[in-house]
Amino acid sequence: MSPTGNERPGQATSDRTPTGEPASAGPHAEGVGGRVLRALLTQRLVLLAVLVVLVVVVMFALDAAGRLSASYNFDYMSAVLINAVPLTMLALAELVVIVSGRGGIDLSVGSIVSLAGMFFGFAYGLWGWSLPLALAATVVVGGLLGAVNGVLVAYLGFPPLIATLATYYAYWSLALVVNAQRPINSPPIQGLYDLSRTVELPLIGPYVPLVPFGVFLFLLPTVVVVWILVSRLLYGRSLYAIGTNDVAAMWAGLDVRRTRAWAFVVSGAISGLVAVVTVSQFASARPDAGTAGNGMALPAITIAVLGGVAITGGIGRVAGVVLAALLVVWLDAGILLLVAGNIASQVQLLALGVILVGAALLNGVTSRRYGLST
Amino acid sequence: MHTVAETPLLTLSGVTKRFGGVQAIRHADLTLLPGQVHAIVGENGAGKSTLIKILSGAEQLDDGTITFDGAETHVRGPSGAIDLGIATVYQEAQLFGELTVAENIFVGREIRRRGRVDWVEQNRQVVELLGRLDLPASLATREVSTLSAAEQQQVSIAKALSRDARVLILDEPSAILTQAEIEVLFTAIRRLAEQGVAIIYITHRLDELFSIADVVTVMRDGSTLGTYELAEMDVRRIAELMVGGEILEGRHDREPAGGQPRLALSGLTSAGRFEGIDLTVAAGEVVVLYGLVGSGVAEIASAVYGVEEITGGTLTLEGDSIRPRSPRHARSLGINLLPANRKLGGMFTFQSVAFNISVGNLGVFRRLGAWMDRGRERGVARDLIARLAIKTPDERTPVGSLSGGNAQKVVLARQLVERPAVLLLAEPTQGVDIGAKEEIHLIVSELADAGTAVLVTTSDLGEAIRIADRLVVIREGRVFAEFPARARQSEVLAAAAGQRDDVDGPGSGEVAS
Amino acid sequence: GCTERTDGGGGGGEGDAGGNGGDEQVTVAFVPKIQGIPYFEAMNTGGQAAAEEIDGLEWLYQGPTTADPAEQTDIVRSLIQQQVDVIIVAPNDPDSMAPVLQEAQDAGIHVATSDTDAPSSVREVFVSQASAQGIGEYVVDTLVEAMGGSGQFAIVSCGETAENLNTWIEVEQEYTESEYPDVEITEVVYAGEDQARATEMATDLMNANPELNGLVGQCTTSAPGVAQAVRDAGRIGEVFTVGVGTPQSMVPYLEDGSSSGSILWDVEHLGYLTAWAGVQLARGEEFQAENDVSEDITGVTFDEETKELLLGPPLVLTEENASDFDY
Amino acid sequence: MIGALRRRERILPPPVTGQEIVLVGVIAVIWVLLTLLTPAFGSADSIQPLLVRLAPIGVMAVGMTLVIVSGGIDISVAASLMVCSVVTAKLLVGTGLPMLPALAVSVALGGLLGAVNGLLIAYGRVHAIIITFGTANIFQFIGLRIFDSQTVNNIPATFAFLGRGEAGRTLEVPHSFVLMLLIVAVAWWYVRHAASGRHYFAIGGDQASARLAGIPVERRVMSAYVVTGALVGLAACMTLAGGTATLDQNVGVGQELAVIAAVVIGGTSIMGGRGSVLGSVLGALLVQTVRSGVTQLGWPSQLANLFVGLFIVIAVGTDLVRERRRRR
């Protein structure tokens, strides 16, 4: 590592403002009002929360004003949550990898979804494994595919971008050939669709909207587990440590390589779980599940970045990523009702772009104004 | 001391600067005469760096005036300062690892010929420049990333000299230089002063002021207290002005609890770095390895810590032989090390103080297998913040916003979470002000009293003599001489100093890669 | 209670879907595989034409920006929320569409497929442009004729997982085997929805195998792609191409002979028929064995047990007739 | 004499990097193997199209190298490519513009889009990846709006000069390839010998220090993105030249990864401060060779990506090993 390299902590990028785990703003004495405003302007988390509320309120207003082609209500909001499940989970996978620093990034998540999905298709759909077994096995397979990245990056010293780009291509191919590019949709697989049906919550059921089952079965557990992993377990500490300054981490006696490698394993395992989610959503194991269209990796990274994860490593919070995902999903859902025809899907692009740039600029400019960057 | 012209070259009056909530500089006055070597001292966070950052255009002042050559001026950005003839060597080397030394020296103001960089001419000038600093010409085409920290520091100085400046600002240039290298630097400074260049010299090593500076301006929490002829000052008075009160002097007398060696190195060798090192450290004993940067001191410590590869000899802890494979392994054996380069090897800049303290002993905070006991972490952090008198709003503050001295204490605190059997301290007070230095030395003695075996490696002679129960001089990777406590400076210097042959030697090794 | 439960839009939908008759407003929504390609935009034109002529018909058209099944299901979901009367889909992935169509039906919405079927789904009718058999055989016949009855040809397809393309390819392989003993299909490659890639692959195929004298561009993006490759290689007259391409995109190649013909059907008519079928469903009217849909769409057959409406035989676009179509 | 030369060499930054040598080696091996396995591969008919399709990626990779060396990244190239090509295509169809003016328009437009990125990144001081992720979406929106849900049909062969066909070659050498070489040569000289070129390495190494050294960081960063944009504009024309008479919205999909991959395979550090233009083009060539190799060998095209992945690992891995040896 060059002693003058970019990795030197305290670089002049807004990502470096201590909005990340666990440190908060610097030692500045000021009034309560000032602190609140400052939090809004400089902390991605607060900004995102406000934006989410804003979107929902505006949509409800438009709905009330009869400007929407259908009512934007809590039922719709929760029904579309199912779209958030894979994206959010993969964004969390990226969080773990990106926080590990040294240009950490995982382009292969989409291909892992495809390949692990095909494995799940075989195991549950053709070999007749039990659901729990097949599910667990798929997660393991995902983890192993991620481990390949981990070894390449942490032990062999490949740049993460290269390693995961290579596996992205390789897994993509493998997923296509394992079943001669045919999807697997045997009866057991089709039966899985119930997993993404909406269900009524126990007890409070009648009073709150129906929520897609998948949200409880996959998303919430993943969110909780990842949150525990990065901010409550020892591993989280090593993760943020190596992401912040891996030379110091080495001197502090941390196992830098192991920690970094595991970040990719975790990312792979989450992708494996996402594979099960998509198979159940599509009631079919598709060889291009994670690579169709623009693929899943870039959107996931986009959400992570929007959620305030600093690609320079060491900074990023689960809450930020989740908020970012909610923001995008609920905004997109609203746009589909607000705009008719082809243009809807196009406007979604515009909205996402504007939010990304806007939020980043706002946080960036203001945090400098507040003299946070060293 | 030569005499200096009387018309001020540069005057600062009523300068103030605030960063968000922090009043970095409350009120600063400064008058700089041509050919004068003007020292600025002050505790960490006193405002020295900020003040010179204002002069060098890196920061803009909020209030006050700068007069240059009798005319009031505004320094517009770094290039503005360079145009005025103000050259600065910043505290952290501002070099580019992937570029050669020659390129680094001319970057931003390359010599052009027909639209392209004139490599030959640049190289010629650089070689000549390096000559002035007694540096080998071969350095010119080396990539900076391959140089030792000290060599890099010298390159930045060469860089500053290369601009025929009228004002040369040096922020803690000596912090990582060897005695010999410092001498070379001083010669260069004096030569410049003779030519009428005014020099601003910031340091935490008060003793060296008397051999280089004409006058000293003392800063305390953001204000200049005044400027004094060094002729009428002594270290003690300067120090008292800095901290604003009485400070203790000399070593704290304590009875070294000799007895069984806890750590023993016999014939320890690391090919090309050091060889045949025989050394013992007993529980409760403070042994200091004094050696110039590149002499191998640093490598000995990192070898014991499992970073440097051991190619020969044996290492025993409490009698049984050990061979640390990694810092992780060493710590599991109860051997902790305070890394020399705080910024690179010590601090997790934008993480909290608590994070920085706990990260070295995560095992201690293990609960139910893999959980982080955050309550315990908070407690331990607060406890150590109090014990080491670390100046920070709270344990959640990012360590990057603490001053060097306090940041250093945080990194030290990391080593004390569990009382280590053996504590290795590499350059424990580098770039730390005298107050903090005082406290750190006190902490070290207390640790020893409490039965820890302490091995210190330092290139700061004053420090070495101050805290050593036994002082071992390392030269060219070998044990060269050994002194009891209270050794005489002159003797130790005689043993270690006066050699130039170590500049091209193996890199200082403080920078792990 | 903080929410008025609408069961994803069912309540309302049930109402107008059930009590249908006469010619009150009927909203038919069509979701193409992907927006912005002439093929589906032409279907949209046809649908709009139908909306003009059939009174009470409101035609909605909303497609994803990439051929992505996920994005497609999102759109269907929003249509369910909008409580339209009929949802007709050209699924990117039949299996993934099935469950959502089920949802739509549960919400009291009539569902159908067009252009590409979702056999395993609850769709009430599939509006078919032409039988896979028909298309496959037309393609092979036209190409082999151009090739002079013998030689080797390769197929440049698009999405590896595209259901209808793969069935056409199977037909082509079997048909060639049985009908043309001295014609051989060397290989099948997949270029995705990427024209440039199709051209590259066609070029590589020609280089790798000098014997090759025929190329099939299996979808509307690869049809012009392969023709372009032949044109660039300057081998017009040596290597012949046939594709499933839209008229306008094929005109230049049909003119200079780099394409020997494009197999298609009247896409606007397909759109019209799709809209019409939607109305029939909404109004609960049975399909006849032979249906006359409009003055120029007549004799549309309906297969009772497969529930397929068949537009008719495909047509071969040539230099002469291609420019008659404005898509 | 020789001695003098050698000393002069040492003064200059190294002319070719290790990674470049490795890549040349790997590519050479693949080419030899392919020619042995399928003699057709060696033929002009097969090399020419390979070089033609290399050109647009290579051209964009040159710009991307500047951007990444200066410590940034540009995710938006694919979207910019889309905007440039659709606008240019519509111009060609609508106004029958001759080649050079059309080229100028496309390049200018690309430069404009690049300037948007540059402004936001250099003066907004937000990390490039965030900005360009955002602008990528915005540009894509713009492009789709211009397409207006239709393909652009009957595009005249104005760019045949840059195309794959006969008109695109002189003495059997494709013009677009020559153009790419030209640009590479200029860029290679610029980052090696021009002062401002060297600045990119400094900025990528440590932006704050570069600023203190008096380098006009904002201006340089800005220009890196403008140049990239302009080159994307050029690449758009090459894409039109290599494409069919119809242009659809899929143009450019996935190109951002292709370009970034080429650059990083070429030995440019994603962390900035280190990199080489030549390597980037070689990286692109490696990927293209593997792709067309798989098809020419008659292997299932679904396997192409697998081999691309493998060879990326091989090429980069070889260099890593070499580096480690050098360190010892």
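A, B, C and D are the chain letters, set down in written order, and residue numbers restart from 1 in every chain.
Definition applied: a contact is a pair of C-beta atoms (placed from the backbone, for glycine too) under 8 Å apart; a residue touches a chain by one contact, two chains touch by 3 or more.
Here is each chain with its UniProt name: A = Autoinducer 2 import system permease protein LsrD; B = Sugar ABC transporter ATP-binding protein; D = ABC transporter permease.
If you're wondering where the values come from, they're calculated on a predicted model, not measured in any experiment.
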The chain pair with the larger count of contacting C-beta pairs, comparing A-D against B-D, is A-D
Of all chains, the one whose CA centroid lies most distant from that of chain B is C
Dist(centroid_CA(chain A), centroid_CA(chain D (ABC transporter permease))) in Å evaluates to 29
Whole-angstrom distance, CA centroid of chain B to CA centroid of chain C, is 73
Per the C-alpha means, the centres of chain B and chain D (ABC transporter permease) lie apart by a whole-Å value of 45
Cα centroid separation, chain C vs chain D (ABC transporter permease), in Å, comes to 36
Check: chain C positions touching at least 2 other chains come out as 35-36, 65-66, 160, 190
Residue numbers in chain A touching two or more further chains are 2, 4-5, 8, 176, 181, 294, 342, 346, 349
Residues in chain D (ABC transporter permease) with touches to at least two other chains are numbered 144, 149, 204-206, 208-209, 253, 273, 300, 302
Listing every touching pair of chains gives A-B, A-C, A-D, B-D, C-D
Given the complex, residues on chain A that touch chain B span 1-5, 8-10, 16-18, 20-24, 26-30, 232-238, 240-241, 244-245, 247-255, 314-315, 370-372, 374
Note: in the complex, chain D (ABC transporter permease) contacts chain B through residues 8, 10-13, 193-195, 198-199, 201-202, 204-206, 208-215, 273-274
Note: in the complex, chain D (ABC transporter permease) contacts chain A through residues 71, 75, 120, 124-127, 129-131, 133-138, 140-141, 144-145, 149, 204-209, 253-254, 257, 260-261, 264-265, 269-273, 300, 302-306, 308-310, 312-313, 316-317, 320, 324
So, in the complex, the side of chain D (ABC transporter permease) touching chain C is made of residues 38, 40-41, 43, 45-46, 49, 53, 144, 147, 149-151, 153-154, 163-166, 239, 242-251, 253, 291-292, 295-298, 300-302
The answer for chain B against chain A in the complex is residues 19-22, 93-98, 144-145, 149, 152, 307, 326-328, 330-331, 337, 339, 343-352, 354-355, 358-360, 362, 365-366, 370-372, 374, 392-393, 396-398, 400-401, 414, 511-513
